[in-house]
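Below, subunit A partners subunit B and then partners subunit C, in two separate complexes.
Then we have the complex of A and B:
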């Protein structure tokens, strides 16, 4: 009996005995991973490393950090990203819950709205907000029609104008992971809570939300990080006198002599993104939510 | 089953969720609900509510090479970029599956997900200046843009394909290997056929993302080759006109059509695989 088991495990044992063969691609891992890793090193790591070289060329860091406009824009960008991700987290969770508990017809309508939003071009959505904000646009027509306002509305190109649009753009990134997490709730937990007499609020607070936490956080962190570097929407809707970091980088992108400053600003932005991302990954295991 | 338990467990607390959900659903549709009607105005100016109904602005889009040129550039750039990211992303998902779970694989996974998080402006700056250092005017072609878009869509394909691979029984590979199949055979005959729909889905998703991507295009595309998203940005920041609404409406319809069909195909694939396992 012992003998047969031993013979049967020879192939497996043989594989284990030569880890070198495994490392050299006995199962193809090496052949499959070398091209994409080379690709990412050449096209992601090298260009970002090149920014360091550029920034050091012409004392870019001291120029960037000495610039009051830049320091103000960092703060403004952080406030925008934090506000947008908190709002998106709250609204996105509510929407995902509504999707899960709505009667079938309503749930389908909500799903259609979500995917229409998700699949509409970012520029089209931003353009829609621009139209909405026109001095005599829809907001004005509605308010005027109701007899509430006579003067044209002036929200376009104010810092605040970017906020609703950013929340709008980012909503799906929270709704989708949270909805996926809701689908994975264990019905037995919910039943146990109900049978043991937990009311709706207690069930929500102690059973549902704790299990959704990692999905919610994965979405919120993604939104925060994406908002930090967002260019198009704040550029088109926001205030020209109160630019975000990305807009400042964009402004000095092609200006001769400002390359090193732009590179330094890019690195500061990148550093914030990486710190947030790594910290969140440690605490909430964000990349496992996506990568599995 | 879960839905019913969740409904019962939440009792009356469902109502605020539903009401807010419907309000948010309407909020999601607001910008589109404004863009679409402004495109069929019969007047000369962009107005809301529109004056009358006419398709004149749709005709104007096709009469004018302001738009037809960029559409072709976008199609070409997105096609190359998405094919590249699909090949790379699929190879990564297949390779990571063969790797032992451990520190190395965690670090690698962080590298693979990173393009999702990097600020595009910073990335564009690095790529642009790197290509300026390279010989023979490579910076004046669409190559930097194609490579940059392939890099940022790479994680999307990787995540989609890795998700599908997680549902493929690893014993299939072991069984094939015991019977003497080497890894290329396993890859070609077992794994790729099983994840075919996910690869196509990932590619569609990557293509749509590249097509819609504006920031990299604004900074990287050569002067004489404007992409559609970049052209939309340019026009929107200069002057708002009904043609812009007409173009926007058409792109949106097309995107919803393509992505909707793509997800239906993918949904069917997933359902079929689940059915097969059960």
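Then we have the complex of A and C:
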């Protein structure tokens, strides 16, 4: 399905682009490229170059890679990102399916809930979770009210505390591409599966999910890559003694004399993100999904 | 594996409208029946009722006397070829064909063997590992047929099976479908609005109209002895000539019936000079004459009868039938006139739009 949409959109774009190019004076219209290129050079290439320059002062790379705390935080961050992606993938897919099959009223409510999530400031949402996690906060009240617990809950600023909040934050990035993929399913395939003898579960497993695979993977990879560099939520909710890479980089930049180490750490994180993305793209053809 | 399929006064109501008004069909084991009719006649609904995709509001569907109308589609043991084929794009050809076996919990080795055998049957051996997308329309249709037949279903259903194919391929596939159906011997119901397709493939054809079965018979009988004007107009080209007071309008000959409409096919005519003087005849003016390889096709006009379509043998001298000339036409088989007991005027001519799409 993805292949056909991809091949269908390419010539359409081509037809659209060429008259536009002609109207603007053929290849003489290259000046149109000036704003985006300037933007990229000033805001991406220059800072990156500066970061490389910083990292090369005071042997930043060897300090960063030799730092046991940094290596531990890289591992911790990879585990967080992977777990969050898998959880978000599962909940997001279920949410998208609920969205697709719910009666209209419920579907609208679900969509509103999702977009409220999307549009609420990250900081506000994180503070919401902080309130929830307070030792005598709502979680405690509910458990206490049910007679299940007397001692205060101690989840705030534990590594695990970041997980539910992260999944919550990332949910829309899986729900939206999966929902788009569900809308593209051919209803005849479902009919065919029924007539050919498949019950609902087999239809889901063999006909529906395989066709949603690229949508699900596109969302999960996006969540993974974003989680690797996530700062606010783990910083505020997670354990202060077990920081994520982003927090560690932030802390190092604020420590006098550690600037080159912090720069090197940033570049290592960037390298990890690129490696993960390229590998995922090879396996799951993610960019195809986003490119349409 | 071939069952007797019976529909007994089947009614379907959707959104308060009854769209099938008591359809009854009795299909013998191994028979190929085609439901033929214009759009909105209820033929696809009837097919979906057999498949279990549309709930009935009355009547019974029986496979070998067993009522199945309460059974869901996946519990009816049917094979269905969809108009769009609905092949699963993420599976290989072999996985598609083996899918109904997977749902019936057949083990992997057996699935593979049956898939190979089915691909052999539809003359696409060795394609099992290819992606579905790499196949042409005609090949996809064969795969859809193989997939429908793989579990040896009790009933094979074909929903406008040729609609997505171009004309030439369509004719080849009609014969191919017929061959495969006879080889497998499965009870088959097809839906089409293409009369040629219906006549080529079927043992019997049921002409449907407005949620009822108008007439059901062999293609020959439907063509030669249509029960109604609708059936006469729907199947093949026809000239409808009024019968009044026991006489055939224009010809003046006596016929068996007092009143009604005689159904005269274009090939029922010959030039007057070629037949003995006793044959019923009339004089007409030629409007157009076109040579069609195996025959001449003439549009002619008669003052009383109106416009008619006539075909004459290809050996006819073209100068004698040039447009504008008046010719004498005689009936080949004057005594065996088929008369429908309906008045020509009682029913407006069929809107042919639906048929031209199919052609």
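The rule is short, and it goes like this: the second predicted complex is superposed on the first by the 260 of 292 C-alpha atoms of A that agree within 3 Å, B and C clash if a C-alpha of one lies under 4 Å from a C-alpha of the other, contacts with A are read in each partner's own complex, and residues count from 1 in each chain.
By definition in this document, a contact is a pair of C-beta atoms (placed from the backbone, for glycine too) under 8 Å apart; a residue touches a chain by one contact, two chains touch by 3 or more.
Fair warning: this is a prediction, and the values are worked out from it, not measured in the lab.
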First, second, both or neither for A:102, with subunit B first and subunit C second: first
First, second, both or neither for A:241, with subunit B first and subunit C second: neither
Per-residue touch tally on subunit A - higher for subunit B or for subunit C: B
Which superposed partner A:211 touches (first subunit B, second subunit C, both, neither): second
Contacts of A:137 with subunit B and subunit C, given as first, second, both or neither: first
Subunit B versus subunit C as contact partner of A:199, first or second or both or neither: both
A:229 touches, of subunit B and subunit C: first, second, both or neither? first
Touched partner set for A:121, first subunit B, second subunit C, both or neither: first
Which of subunit B and subunit C A:191 touches, first, second, both or neither: both
Intersection of subunit A interface sets (partners subunit B, subunit C): 186, 191, 193-194, 198-199, 207
Parts of subunit A lying in touch with subunit B, wherever the complex brings them together: 11, 25-33, 35-37, 39-40, 43-44, 46-51, 54, 91, 94-95, 97-102, 106, 109-110, 113-117, 119-132, 134, 137-138, 141, 165, 168, 171, 182-183, 185-187, 190-191, 193-194, 198-201, 203-204, 207-208, 222, 225-226, 228-229, 231-232, 235-236, 246, 249-250, 253, 259, 262-263, 266-267, 269-270, 273-274, 277-278, 281, 287, 290-292
Contacting residues of subunit B [partner subunit A, same complex]: 1-14, 17-18, 20-22, 24-32, 34-35, 38, 46, 48-49, 88-89, 91-92, 94-96, 98-99, 108-130, 147-148, 150-151, 154-155, 158-159, 162-163, 166, 177-178, 183-184, 186-187, 208, 212, 214-215, 218-219, 229, 232-233, 236-237, 240, 244-245, 248, 251-252, 255-256, 259-260, 263
Touching residues on subunit A, where the partner in the complex is subunit C: 1, 3-4, 186, 188-189, 191-199, 202, 206-207, 210-211, 213
Residues of subunit C defined as touching subunit A within the complex: 51-53, 72-75, 77-80, 82, 84, 86, 88-91, 99-100, 102-104, 133, 147-148, 151
